[in-house]
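Okay, here's the structure, questions in a sec.
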Amino acid sequence: MADLSVNFCGITMKNPVTVASGTFGSGREYDEFVDVNRLGAVTTKGVSLTPWEGNPTPRIAETASGMMNAVGLQNPGIEEFLKTDIEFLKQKDTRIIVNVCGHSEKEYVGVVERLRDEPVDLLEINVSCPNIKLGGIAFGVDPVALEKITKEIKKKARQPVMMKLSPNVTNIAEMARAAVAGGADALSLINTLTGMKIDIHKKCFAIANRTGGLSGPAIKPVALRMVYDVCHAVDVPVVGMGGIASWEDAVEFIMAGATMVSVGTANFRDPFTTGRVIDGLNSYMEKEGLASLSEIRKIL
Amino acid sequence: MADLSVNFCGITMKNPVTVASGTFGSGREYDEFVDVNRLGAVTTKGVSLTPWEGNPTPRIAETASGMMNAVGLQNPGIEEFLKTDIEFLKQKDTRIIVNVCGHSEKEYVGVVERLRDEPVDLLEINVSCPNIKLGGIAFGVDPVALEKITKEIKKKARQPVMMKLSPNVTNIAEMARAAVAGGADALSLINTLTGMKIDIHKKCFAIANRTGGLSGPAIKPVALRMVYDVCHAVDVPVVGMGGIASWEDAVEFIMAGATMVSVGTANFRDPFTTGRVIDGLNSYMEKEGLASLSEIRKIL
Amino acid sequence: MEQTKKFMHVAEVVSQSRLTEDICSLWIKDRDIAENARPGQFVSLFTRADSRMLPRPISICETNRNKGTIRLVYRIVGSGTKEFSCLSGGEPIEIMGPLGNGYDLNCKEPVLMGGGIGIPPLLMLAKELSAMGIPKKQLHVILGYRDNAFLLDEFKKIADIHISSDSGAIGRKGNVVDCAREEDVTGECIFSCGPTPMLRAVKRYAYENDIPAQLSLEEHMACGIGACLACVTRTAEPDEHFKVNTRRVCKDGPVFYAEEVEL
Amino acid sequence: MEQTKKFMHVAEVVSQSRLTEDICSLWIKDRDIAENARPGQFVSLFTRADSRMLPRPISICETNRNKGTIRLVYRIVGSGTKEFSCLSGGEPIEIMGPLGNGYDLNCKEPVLMGGGIGIPPLLMLAKELSAMGIPKKQLHVILGYRDNAFLLDEFKKIADIHISSDSGAIGRKGNVVDCAREEDVTGECIFSCGPTPMLRAVKRYAYENDIPAQLSLEEHMACGIGACLACVTRTAEPDEHFKVNTRRVCKDGPVFYAEEVEL
């Protein structure tokens, strides 16, 4: 076995592979197919202060080499989440990254505070949630709002804070710099690209919410470009994601500068994807004689 | 035959189908496969004031359900273009849309002026070109720059001016409003999304230019969402494009609000795509008993 | 119902045939699924095309535990089912299952009401109920077709059959509920699967006649195992874990009691 | 060379076999292409997977005008060639061609220099030159292999053969130019196809020995017919139409005179 471990914000992950928030639940359901203990970390679905209903159905639609979703961050709220999801995960030999969502600064901060004394390794802040004050526009598309919310969260967080960037912006490097200026310890990207699909026979939107977030291999080139831009603009570690479905994809993201990688939509096509990526990275390192993945990180 | 004709900026197009700039040359090469006379219009590759070299190779790479290109707007300059491309097109029974590029206001305006007395129906202004004054950032990602260049072009143009929007922005509706404020008679979108691909074996960028523009079915959901947003934000007619490969795709864009549609990357997969789209639209209209495509335009 | 273990395999197609112009019957060799499947459960079928990321949920229509095979009957409606329809014996197919809860079989005189492509899962259910000892005349089955019938002979062997069709081309004109009313078909409980408007009618009928009804629902799915929350349906009561009024069709369903869900 | 008419068909695979572990020989029935193809031209092959948008350019290795068939010999290197390698007789394949200019055959004593997967087009060239009456001993062919030889016997029948390989496993160790020097192979003109470093060496060799050389180049392609400007190569002189120092490999090439291009 090659040494796949990485240091991420001072936390040792046994390998750089995690799952993309929202595609894997908290691992309980995938446990039948995947040995969750093998993952470097599990990133949970988004959790908010109170239970969220999510959007009406249909919540998803298939697209060419991708899919769209508008699940709408349905979740049972932080208390139930701690009782079931964290309870499950803390028995596993894997790091825990909790994805946090909210409609206002107060809601985000509430979740972050509640997690202070819980066995959680890292916080991933999903700033693609509709911001009530900004009239439903996401926190993550305005650098000023992003810097501010990062600051507020950092004040209360015990764990390292990773801001998850939205790709629906003109200048991703500017967003990364804003998050880092706000004190972000790490960044993850990309979240989904906003898309739309129309059912021409029924003359309606394919997704009840009208628009949905595009993910999967279709968006990989955009994701890789943004990860590259961000890794060359700021110095904090990055979790790269967007269409990763193979170890080769993972290596691309690492070469672009990512320290860790997430597998999202690909879990739906093949629940064994994470294992294949870990095994593939291992063989690759052995074949190339790499002592650490840092030897190929950001080599371009 | 159903009546497929559309009125676009006062110009009657016999059908709503054109080709995406840069994917079809000026039709001379595709003439062996496609009856160019059947197209509602031909949109030419980008033309600038002087010959442009374009980028080094490799200029393209394949991606999941898409491709990236960084051809770099190679073109022979306006004089040669008039001698060969326009000379060819003016013998055809189709409308001519000339795609214009430049590095500065002066260059754009130069081309537009030169086209005043030529048999050209519509100008499509590609504002995704690197803007020398703005340090290589595209005109099309800054609403102020976009409004200004639109104004300058409108002052000199004899033909209606259609601004081609870049999708690499936070707020496409804002860009559309800026172009219309500058006097744009029409809009076309989307241009390509910026992407990247890494050759992990050779440890280099798959495209010599590092980044390339992502196109094809992979980006269709993003394109459709943006066309919808723009058609609901401004009142000028729109040419929709991005991944269109079938008549069903074309209907989606029309339902989202587009008046015309362009076939781009799909020409590479199947040079007969434009004919299939036209035939499919015809059957669809007959089956649905539509007297005009305006009956389904923007119905969502 | 307690959850069954799920399997994911590259299985082998045994054979495929057409029942009508657009309805296919596919036998797949998969011993694990065959041995564990219950009536009302489904499988996720994966397409070969790497441009299609999502599995297609298809109900289990029949199993043969001796041969270790399962049968799926589906209508060609889009890209995935079109691809499946080209499969022939010996070809590999990726499959995950058995998924979902399945019907609660505890019933002496069942009425099965199936519409269109909701009919196939009722065949497995009818066979199981019949095998449990329910006599033919007490096993009522109402089948609603668009136009052409399929699977009819197989039901006829074990059940009391009533037929309706949209066009009136076969059986009574109308839907399964009209048929139940007009032919006065009653029983102790209803098991239903079919398009949502039909399920809505069944729900109303069951309520009016005070008969418990189990409905098998459809929703678009991504994970198929309860992780992604793509496939929820609205429920009357909040979900125990999720705290809101939705439940997952892939994991908590596809079968729900009529009063549980709001259609 | 004047341009030939191009065709786009759904053609039929006649048969396929393996020449080495990763090199395939594919016969396709396509009368139009068979009748119009010239040595050095290529076809675009389209994959079935709708996730792959771009055609794969493959040189024509041989044609049989009587049977209306063409032969392609290619190495499995990625997703597309892997897919092609699974094709067998009777299956459909989308193909466009013949594309590109082809070699200028006007030469009394030709030297053909092929490296790796650049060897196949030279077979059609050699056959054509032989058919034009060039005797075996005046038709020099230098083949450079990685390790295993392929197509060798077919060349042997009509040409004076010299062999080299990277590993020295077969023939002389080294590349085709080393082989030409060491075995003192000369002629009136050179026809070459192979990887760019080899073509660079051939270009230098031709210059030093003052022999005209035609080189067949490779570039990534999108349209394959000259419209998209994806596939340009740098040239010594500005292109007549484009005014800049590049020409299109798919339409103006793939064959260029050595002095025309900068490699």
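As written, the chains take the letters A, B, C and D, and residue 1 is the first residue of each chain.
Operating definition for what follows: a residue touches a chain if its C-beta (ideal position, glycine included) is under 8 Å from a C-beta of that chain, and two chains touch if they have at least 3 such contacts.
Fair warning: this is a prediction, and the values are worked out from it, not measured in the lab.
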{"item": "Greatest separation from subunit B - chain, by CA centre", "value": "C"}
{"item": "Contact-richer chain pair (by C-beta pairs counted) among A-C and A-D", "value": "A-C"}
{"item": "Subunit A and subunit C, separation of their C-alpha mean positions in angstrom", "value": "36"}
{"item": "Rounded Å distance, subunit C centre to subunit D centre (Cα mean)", "value": "56"}
{"item": "Distance from subunit B to subunit A - Cα centre to Cα centre, in angstrom", "value": "34"}
{"item": "Inter-chain centre distance, subunit A versus subunit D - centres from mean C-alpha coordinates, in Å", "value": "47"}
{"item": "Residue numbers of subunit B (touch at least two other chains)", "value": "64-66, 216-217"}
{"item": "Contacts with two or more other chains, residues of subunit C listed in rising order", "value": "50-51"}
{"item": "Category of the chain touch graph - line, ring, star, complete, other", "value": "complete"}
{"item": "Residues of subunit A touching subunit D in the complex", "value": "64-65, 217"}
{"item": "Residue ranges of subunit C in contact with subunit B within the complex", "value": "50-51"}
{"item": "Contact set on subunit C toward subunit A in their complex", "value": "5-6, 8, 46, 50-55, 96, 219-233, 241-246, 251"}
{"item": "Touching residues on subunit B, where the partner in the complex is subunit A", "value": "63-66, 68, 141, 168-171, 193-198, 200, 203-205, 211-212, 214, 216-222, 224-225, 228, 243, 248, 251-252, 255-256, 296, 299-300"}
{"item": "Complex interface listing, subunit A residues touching subunit C", "value": "22-25, 28-30, 32-33, 45, 51-54, 57-62, 64-67, 69, 71, 74-77, 80, 84, 216-217, 265-272"}
